[in-house]
Amino acid sequence: MTEIFVLAEHRQGQIRDITFEMLTKGKELAEKTNTDLTAVLLGKDVKEHAKTISEYAKKVFLVEDAKLENFNSEAYQKVLSNLTKEHKPLLTMIGHTSFGVDLAPSLAAALKLPLATDCIDLAFEGETLVITRQMYGGKVNVKAKVRKSESYIVTVRQAAFAAQKPNISGETMEVSSPLTEETTEKRFIEYVSPPPGGVDITAAEVLVGIGRGIKDESNMPMVEELAKALGGVLACSRPIVDKGWLSTDRQVGSSGKTVKPKLYIALGISGAFQHVLGMKNSDLIIAVNKDSNAPIFSFADYGVVDDLFKIAPALKDKIQELKG
Amino acid sequence: MDIIVCVKHVPETAEAEIKIDATGKAIEKTGLVFDINEWDDYALEEAVRIKEKSGGTVTAITVGPEDTDSTLRKCLARGADKAMRLTDPKFQGSDSYAIAKILQSTIKGLSFDLILTGALAGDDGYTMVGPILAELLGIQHATMVKKIEFDDGVAKVNRELEGGLEEKTEVKMPAVLSIQTGINEPRYVSIMGIRKAMKKEIKVLGLADIGLSESEVGETGSWIKVEKIFVPPAEKQAEFIKGSPEEVTTKIAEILKSRGLI
Amino acid sequence: MNFELNEEQKEIKRAVREFCEKEFTPELALEFDEKEEFPMALYKKAAKLGFTSMRLPEEYGGQGYGLLEDCIVVEEVCRVDPGLGVAVSLGNLMVPDILLKHGTEEQRKKYIPPLARGEAISAAAFSEPEHGSDITRMDTTAVKSGNEWVVNGSKEFITNAPVADTFIVLCQTDPNATPSHKGQSIFLMEKETPGMEATKLKRKMGIKPCITGSLALSDVKVPKSNLVGELNKGFYYALELFNETRIAVAAQAVGMSQGAFERAFQYAKTRKQFGSPIIKFQGVSFKLADMAIKIEAARMLTRKAAWLFDQGRLDPTATSMAKAFAGRAAMEVTDEAIQVYGGYGYLADYHVERFHRCAKITEIYEGTTEMQKLTIINRLMKTM
C-alpha cells in the first residue's frame, strides 16, 4: 500500500498553518485512495513538532539534521528525493508558499514527476489526479488533469482547505539524514525583518485598504482623510507597497499582515487570493470596485460597484457630517 | 555579467471583463491588451540595472507566437541588447514545464552568468518556470527574490517569505533567480530606446533549431492538461449597495452605525 | 499606398500611451484643469523620455523623427488628457522649428538643446490685441539703435508666455513697407530681459494647464544677433511655420476626439436604461458610429498632411484641410460624447465636458477654421 506525503512546513519554531490544512485534505484523499497519510518533517530539534503533527497523520517521517534547521531547497530536495524514490508516494503535497515554490518545481523536474502548483482542490479520478487552480488573478478557475504518473507532486494554496483535527495518534519514525556534508550551492544566511513602522495595522479596529485602483500617489490624502474620519488607519494591497506609497508594514495579505479589524473597507482592490488571505476574517468587509466581477465581491459583506473617487470622498463627508 | 531574462507576453486582465471562449478551455483573447508579464517587467529592469552597473549584456527570451515581438521590442527598448523568440506551432498547449524545457534547450547553448525570470506569470500563475529551468540546466535557483547583491561567485538574495519576513540566502552562480514585484521601479520606454530597439534583430528559433522532439513540447510534453475553465462559484456574494454616491454613503453610514462603528 | 503605421510607429504610440495612462491620471487632469498651472514635472518627465522632441534632429538633442511620428505622440497625449496633453506637447513650441529653418548655427546650438531636453520652455508671439487672424501689420515695433533693436508693443494670447525661457516675437521693423507685411521680422528674446512683462490669462474655457499670457514689451533691448533669418522676412517665416505646426494642432484635435469617443463608448456599454445598455439603442450606437467615422477621417487627413511634410512636399491645402476638419470633428465628437453620457456628461468628474471645452481651441489657434478655409479656397482658385 502506497501513501500520501505531506511536507510539514515550519519556521522559527512554529509549524505553519498550511501544514495542518494539507494534512486535513491529505487524510481525506488517503481515505478515498486507500493509502496512508504520512507527514514528512525535516528540521533540527523538531521532535515537539513531530508530536504535534502525529496527531494529524498516521505516520511521521522525521529527518533531523543541523543542516535542515532552516529551509534550504538544495538540502530539502536531496532529502525528499531520497524519500520519494524509496517510498514512491502516490502524492506529495507541499505548501504553495515561499518554501514550496522554491522546492517543488525543481524537485519535480529532478524526479521527472508531474507537478501541479497552487491547487485549490484535488481529487483522484481513477489513477489520474485532477486538480482545480485559478488563473487571471482569480477571475477564472481551471479544472485540469495531471499527466498520468505513479507519483504526483502538488503545491497547495494556503487557506484553500480548512484544518480539522482528527482523532489520530500516529507514530513518528526517525529517518537518518542522507546529508553527509553541508550544501555547497545554496546557503541560508539569516531572516530579515522589515523595519518596524509607526503603525500596527493588526491592532487597528478600522482599516481602509487601498489597492491599485487608487491610481496615483496624489490621491493618498483623500483616502487618508477617509481613514481618519472613520477613526482608522490605511492598509493596502501589495502594488501600493511595491510603488513605495505606503511602507511594507501596511500591506495586507500572504506576504504582508493578517488583519482582523471590525471594519475593512477595500477601495480599488481586486481581491487576489494573496490579499484576501490577509483580511477575509475581518468582522465587516465593504468593497468599492468599479468592476462588478472583481473577486473581492465574493468576500465582502457589502459591495459598491462604482468609482472609488466618487464614493470615498462622499463617504468621508457623510461620516464627518454624522460625527458633527 | 551576461544576463538572460525570460519574459512572457500576457493579457492584462485586472480591469478587463473576462469571457470564456467556445472551447471552454481558454478565455476570449480578442479585445484584451497584451503586454509584458508584470513580474517579468521587474526582472528585466533588474537585469538592465545590473548591466548598467557592472557591464555585460542582457538577452530577453520568450516562447510565444509572432505577436509577442512587441514584448521583446519593449525589452530591447528598455535596455536589453538581444532578443530571441522561440516560436513553433508545436509549442501550442505547452504548460510551464514544457516552456521550461524549450527555454533550457535554447539557453544551454548560450553563455550566461545569470538568468532572471518573473516569479510567476499573471495569466496562469504556475510559479515554476524559473526553478525547473535551473534544475534542467543543472544550476541553482532562488525564487521570490526582492534584492540581489553579488559577491565572489555567489548571489546574495533576499527572498520574500510570508507575513512581511524575508530571508537572506546565498546562491552559487550561475543561477536562476525568479523575481518578485517591488524589487525596483521599472522604467518607461523612451523614444531613444525605441530607436535603438528597432535597429536590433529579434532572432527566431523553432522546434527544429533547439533540438527537442515533438513529444517533449506542447500538450504531450506538459504535465497539466486543462479540462475546462469556469467562473469561480461565489462562496458568498456581497450585498450590493446601489444608487448615487449620496444614497450609497447614507446606506453605508447606517450599516456602520448599526454596528457601533460610528 | 499604405495606410498602416509601421512597427516603429506602433512602438512609439504604445510607449507614449503607457506613459500617459500612468502619469496623466484623471485626478491630476481635474486638478490641473482647476488650478490652471503648467504641469512642469510632467513636462520634464515626458521630455526626458523623448516625447516632446520627436521632430527635432538628434544633433540638437531631439529624436530625429518626422512630423508624422510627432503627430502620433500628440494624438496620444491629447487622447489621455486634452489639457495636460496640449500643455506637455506645446512646451517647446515653434522656436526650435523656426531656428532649424532660419536660425544661425549659434542660435540653434544655444536654444534648441535645452528645449529638446525639457529644461526650457518656449513661446511664439505673433498675435496682438488688435491683430489676430490678420497679422499683416504688427503694432509691435523694433527700431534699430546701434548694435541693438529696441522693441515696444504688446502681444496677446501667447502660449507659455508666463513660464517661457525663450521667445520669438514678430515685430514691425519697417513701418513704411508696402505691403506692410514686407516690413516684419522675428526676434529671439530671453525671459527677464528688462522691459518684458508677461501676465497670465486666467479662466480660459479649456486647455487650462497650457498657460496663456499677454506680453508687454517696453523698450526691450534685443541684440542684433537675435534677429532670426533675414530682416523683413518675418511674415513669410510665420506663414511657413504655421503650415507645419497646424498639422500638430490637427493631431491634438484627433486625440481629443478619440479620448472622448472611447469614454463615451465604454459608458454606453455599461449604462442601462429601459432595461438594456444604452449602446443597444440605435439612437446611441449610430452616434458612436458617426463619431468613429469622423475621427478616422480626421486622422487620415492629418497623417496625410504630416506625411507630405515629411516627404518635403509641404502642401498648405492638405494642412488646412486637416486642421479645419479635425477641429470641427473634435467639436462634434466631444459634444456627442457629452450627449451619450446624458446628465453625467455635464459634470466635470465624468471628464467628457473637459474634452469638449478643450477641443474648441483647435478651431481657433494657429489660424481659425475660417482662415484655413481661406487658404484652401485661395489655392483651389489658383489651380482649378
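For reference, chains read A, B and C in written order, and residue numbers begin at 1 within each chain.
The rule is simple: contacts are C-beta pairs under 8 Å (C-beta built on N, C-alpha and C of every residue); 3 or more make two chains touch, one makes a residue touch a chain.
It should be emphasised that the depicted structure is a prediction, and the values quoted were computed from it without experimental measurement.
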Most centrally placed chain - per-chain CA mean versus overall CA mean: B
Between B-C and A-C, the pair with more C-beta contacts: B-C
Whole-Å separation of chain centres (CA-atom averages), chain A against chain B: 20
Geometric centre distance via CA averages, chain C-chain A, whole Å: 53
Centre distance in Å when chain B and chain C are each reduced to the mean of their C-alpha atoms: 40
Per-residue overlap in chain C, given as positions that touch at least 2 other chains: none
Chain A residues counted as touching two or more neighbouring chains: 310
Of all residues in chain A, those that touch chain B in their complex: 11, 16, 70-74, 96-99, 101-102, 104-106, 108-110, 114-118, 130-131, 133-147, 155, 158, 184-194, 206, 212, 230, 238-239, 241-244, 248-249, 251, 254-258, 262-263, 270, 283-287, 291, 293, 295, 297-306, 310-311, 314-315, 317-319, 322-323
Complex contact set, residues of chain A against chain C: 215-216, 218-219, 309-310
Complex contact set, residues of chain B against chain C: 70, 73-74, 77, 188-195, 197-198
Residues of chain C that touch chain A when the two form their complex: 25-28, 31, 349
Chain B - residues contacting chain A, complex: 11, 13-15, 17-18, 20, 27, 97, 100, 119, 122-128, 130-132, 134-136, 140-144, 156, 158-172, 181-182, 185, 222-232, 234-242, 245-246, 248-250, 252-253, 255-257, 259, 261-262
